[in-house]
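Per-chain numbering from 1; labels A, B, C and D assigned in written order.
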């Protein structure tokens, strides 16, 4: 009899394959789940591997359209950005993946499972083991998936902590009653793979694990277990950094990138051509927006529509022209700093175009409020994993409201790492008009009015200047 | 006997030359003033012309160092930006020019002048005439100078209104007792140049002046007057747009640019090479910051120091590689929208480098507060001409405080329109450390802590999820 | 033949009666308008007077319900407050009055009127006369009405400028094509009443009018004209301050109150009993809210419902117990400071009760965003007369969204100038629960979690403490 | 030989006395610490008890002046308030206590202690026991002290969690290397007092402890241990709520107050007379501020100066007149809601007076920025225990800067639960002037200016109105 039903986020890599086999060997029925949020993957191979290893079912859920329409469009509508530079690629995908995983668990009757009865030893040891190898992340995160319900708990405080927080907070909101168990906290699992690793696969220096943490696991054990259980293992050597890939971007972190002064090697970037290798001829195209959403792209006379197709075309234009690379040190939710490199071709283009169109059609004061509060807060919420929260709903409501009139066309040029606005037009708003711009014929306006406008503003400033004079600290000496 | 002493902002162009000659003919003693804020100018020719036309004195004030150290450095320290894109080039220079003009007026005893006794006609007509030609602006503004004390009042509501507001608010604060008189409001002056112009020099379409405004002036009258008074006139044809130039940027507005879908012609840009024409080899260099200020640039092994020299070198790097062009529609202070093109090579580079270094050294929460309030507000204040105000002082105090630790080096690459960060380093802060980044050895931190962190955050979110379920609106269906 | 149709805001006082008679004498057809926003007024007498003086029609529009439901409820829902103390009583009524006036003008065919043809003299003199007496305001504003289309322009820069701005900005948005003409700018009108007044009725000191402004009017002229035209004049002596009254509050400004250290006399306050004279027994009652709106009050076992009735009952409770008096110096839109006294009984109570209920039911993060951005901005917009603006709509959308769950009951006690919360309850939210509050049985929460929460927060702070130590500036010495 | 030196925050109550004795019995040398932040206490009795129970030393540190000058004055200067109502009384004291405790530990050589070697059992059990009784808090917190270094960990998630977070974050920043150990996590301690309590002392209903938490402790065990070790126990029955007292306020929470609709009983309040029992005669007095700090109070002709004396006098005035009671439900840092009652006499008065004076002297725009960003953020930081943080320093810098001119006198009246402003005056600022207020003689200002001011503002709004008309959604129908 099965001990219970578990929905395992499964990537096909060494780590999640090991967990799958081990779970089955412990008596669980396992349903595997993999989200397709636009990452590169051999889907058939993953499914075949899961089933061959004993999974009851392999669910591969194509979430691309939902990802684009529910989250990416909202990011575009509010010009989302974190700390002035990061377009939030990883954070945007997490809520969509988490929701699909929870739904898969429910549909497959995995949601009522309780943590299986703990053996006696655990009551005493529950919190003795609590670490994992970041090598796991390479497998799982790079494929946009995460083990849930029996998830991997990554190195917790920094590099991977953001994602851990994002997933678990989403699970908590989506189905508060679900239990999320990390194998690396289970003594049986840890006992099985208890080898202090010697050399960190992602880093060039030897790691001194804190003895008091009893770091229990290592790649060697995993490989030994895989051999024993006939789990196929990829022979491709790992890159000296960690990646995460989805429709929006690819992120690169850890390993050699931990030195913030180490320039990312040319071969690191996967989603954009090196600007130095980009075509010598620029690519001109236009994006049509409706209510803040890119609905059509015209490139070389050809129209592309459909939310996913449009976004993928922007990705391609950005890719080919090397648009959207950044290399930053950012502030993590938990208070530490982390270095990340991101290439985000399509969203970089879409964001610029949207910003530009807003210049033409969005009221200046609405924009100011939206920028300072909604954009800032929405971006930070997403970064911190608070998508499923009342405050995100509150902000989404404002974003949609402020986007009502953002309809028009932006003409753009991509060229060797950059994208330029060539022009924009809209019939949706009367806020810009050439006549008003030139002011030669603005109805009901008299040039004299500016005098009054200035004079009123100046009342307070004159008092300020007078006070400074009186205080012996005149502004002319400032 | 002189009717009074007037300090005239003098550019050497047709408009201000006309005003100079006319003021003298009316019996005034005129001291001319021209600020050097880094714009292109034949200084000797301007001085010669002013004196030959009868000015008592021609003051040419080199304000470059003050401009860089008082204002540009502050902009860099807070990553100043307006509406996500405009680096405020014009706005940054205005306060420095205004202050120097006021000081020049005081030193030359022009500050106590009162508006000369108004003839009877004026008592009845003061506000009947109140317009001017934008052709004036082409001369005066393009050279970074403005007539003050007898200033030109530009087309008031839009294109030039921002600058008018900026100058007059600065004058009001700097010396509240000073009188600022626009010749275009003086009936004698207007009577002299009273021609309704037929064709706007900056625009391709015919202009319908509002008859009720009795637009009194025109280029034809000015030219006739110049011929009559032997005022030399440049024979260079005007460009079909308006420019303003200083150390930070050149702006391009009006004329053919009033159509927001009209792509700026290649020859418009003066401060940057066309990215398509930029070198095929990238330029690598590094900027050293101390307390948020760029103090040294190393390029090809050569060190450059000194506030102005450093900034000019960044301008050159940006220029040669086509860095810093934007083309936007922005929201003016007065509520209208306006299209502007700007090329801002050095500041674009310095801002990116500073942003990047802050990622490494500035506390995340301080940064968040600084970004959302100080940066936003400082940028807006500068844009709106409120430099000399208690709120700007209040914000400057915060900027300087938050920059204390922003010391370090950023390595950069400029290439065909873009600038990339290659790496950064600093000894000034302990906030980033490779050890902490990898989390393998963070002292006093247990991976288990993240669990608690998540659990606490999740309390509220679980309640939210439960409430949504109870309300029949579960998050899994959202 | 009529020169045109004018919609005059008419209060029945000396000023607007004079304007009415004068307009008719000049050949206009005049429709009078008076808004009932809850102020004290003898409506029949006003109507009789208007018609007897020759108005075509006297429109008295009861706007109380619209006032409460469109604006006051929104103010309650967002806890609107200006500069931490002012509940915006005057500002809240202005948009409702302005809209009704515009509708009245349209319905009575007054909206297509253009300013009547100006006589020659005016072309030369339009802007020569531009002042008025503040005595006008006493009449008009105290009754919650304002002359529009031929409005009174008050002393413009300070005391009354806020209202002038509020009305005119509302008119501009509501019907951009409408012409608003101030009689005090019309030379014919000014010529008629051209007496420099000697003694300001509202102030104890002699006023030195600026000779250059040629202050053209005065009460003496108005009285002489009234006598000549048989306009009835009240014989009640004026109070030495100015008032404005509506359903929300009564404001007191100017006159003896201009000295900010002059305590308002006991007899000034009209909407509240002096706390020293309030009953010795407290009044206990409860307010029921639905979606942030007070829908029912229970007092002494009696239920009151209906938006206006509920608000009036709160006004009565506040009145009888002396609740809601403030005396402040506030910052006007135009940059000057002004002293105002306000008594606001019902809104003071409703705001406190709403704030309290939000404590129980509103998510803390939504509240933080709403407080810092929506409440602050909405209050400021209303104060500045920007009700009819895209940004107010944008904020209203957020207010309504955030109020969805603010349903429950607050029990209160009013006593001698204060109101206290006795308790609150709600079934609308699960955010507060006694179980969670005591934490003895919070599902899924382990006390250990707090340790992790603290440890994560502490990472950054420990680094801060270490840096301070290293810099020789330890926090223990701070 | 001593196992180590421990600095114990000692209140003299049952809980900390038990810990003291137990620590000694385990072989530690204990230095006791108690902060005097203005709470009621029999200091001599506490010292005597500590020494009689075996403490090496009893440190009683009078921190009142530091508390007032370092923190309370800052709160007054920025009008600190949390969620519009709470004046942060508890939060303000915590950083001062924490700093003094850390200094005491250092001075008594307690800072270098490491956690004593854990017995074998602990390696396996460390985190198995992790709870405590809230009865502890009653003792310790009510006296403004907290056990540190061997601190008590309170019920962690809600009621007491705020303080736990505040103390531990302060310790982390002040001396990152210090170890903070909770006895309730020590298996030896827990084993000693392992009784599941049956009846919560603070609540009227039976508590269902979660069996899986193995709640190990209870009052019964503590009392048995006390009897066994001759620890004197107070015979005063406990009140059915929890208190915390300091110079600023007394807070009341938990117990019967957990029902948010249960009105606090009359006898609960300790720092204020019931308004119904307050004198029938009002108390008039004045506060003199210098740079935002109350430096003098004049009451009945008598001057009081000195930071502590002034604050205590305000407390007395507030106490006698029943000023400063609030009863709220607030949002805790950790995301839960909690009901608290607070009486805060002096700070309520000082805050109102300061707010009022700022109305007279502080520039409106500086105030707006300060209010929206500094006040909001500072209050929240303090609430969340982030006093020792770079962001608090950043904000303090702004607070002090903005207070430079807040010098003047506010005249006040306290009466039966309320405080009223009677008037205010200042020579420190020219921002308010009666002349400007009346606008009859404002130099350089023309009433016409308002017209221009309005017209410029109206440009955007007219476009908005026109767009709404065009869209078939006219504002007159809104």
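Keep this in mind: a contact is a pair of C-beta atoms (placed from the backbone, for glycine too) under 8 Å apart; a residue touches a chain by one contact, two chains touch by 3 or more.
As the structure is a prediction and not an experimental result, all values here were calculated from the model.
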For this session: Treat each pair of touching chains as one step and give the shortest count from chain A to chain C.
Result: 1
For this session: Could you figure out which pair among C-D, B-D or A-D mirrors the A-C interface, over half of its contact pairs being identical by residue number?
Result: B-D
For this session: Between chain B and chain D, tell me the centre distance in angstrom, where each centre is the average of that chain's C-alpha atoms.
Result: 46
Problem set entry | Between chain B and chain C, centroid-to-centroid distance (C-alpha), Å | 39
Problem set entry | Inter-chain centre distance, chain A versus chain B - centres from mean C-alpha coordinates, in Å | 36
For this session: List, in ascending order, every residue of chain C touching at least 2 other chains.
Result: 127, 157, 176, 334-336, 363-365, 372, 386, 389-390, 431, 436, 442, 444-446, 448-451, 453-454, 456-457, 459-464, 466
Seminar exercise, completed: Given the complex, residues on chain D that touch chain A span 123-128, 363-365, 429-431, 436, 442, 444-446, 448-460, 462-464, 466-467, 470
Exercise. Can you list the residues on chain C that touch chain A in the complex?
Worked result: 127, 157, 176, 334-336, 363, 365-366, 369-370, 372-373, 377, 386, 389-391, 393-395, 397-398, 401-402, 444, 448, 456-457, 459-461
Problem set entry | Complex contact set, residues of chain A against chain B | 79, 83-85, 99, 102-103, 106, 127, 130-131, 153, 155-159, 161, 164-165, 168-169, 172-176, 200, 203, 207-210, 213, 254, 258-263, 275-276, 282, 325-332, 334-339, 355-356, 359-360, 364, 367-368, 371-372, 376, 380, 386, 388-390, 411, 415-418, 420-425, 431-432, 434, 436-442, 445-451, 453-454, 457-458, 460-466, 475-476, 478
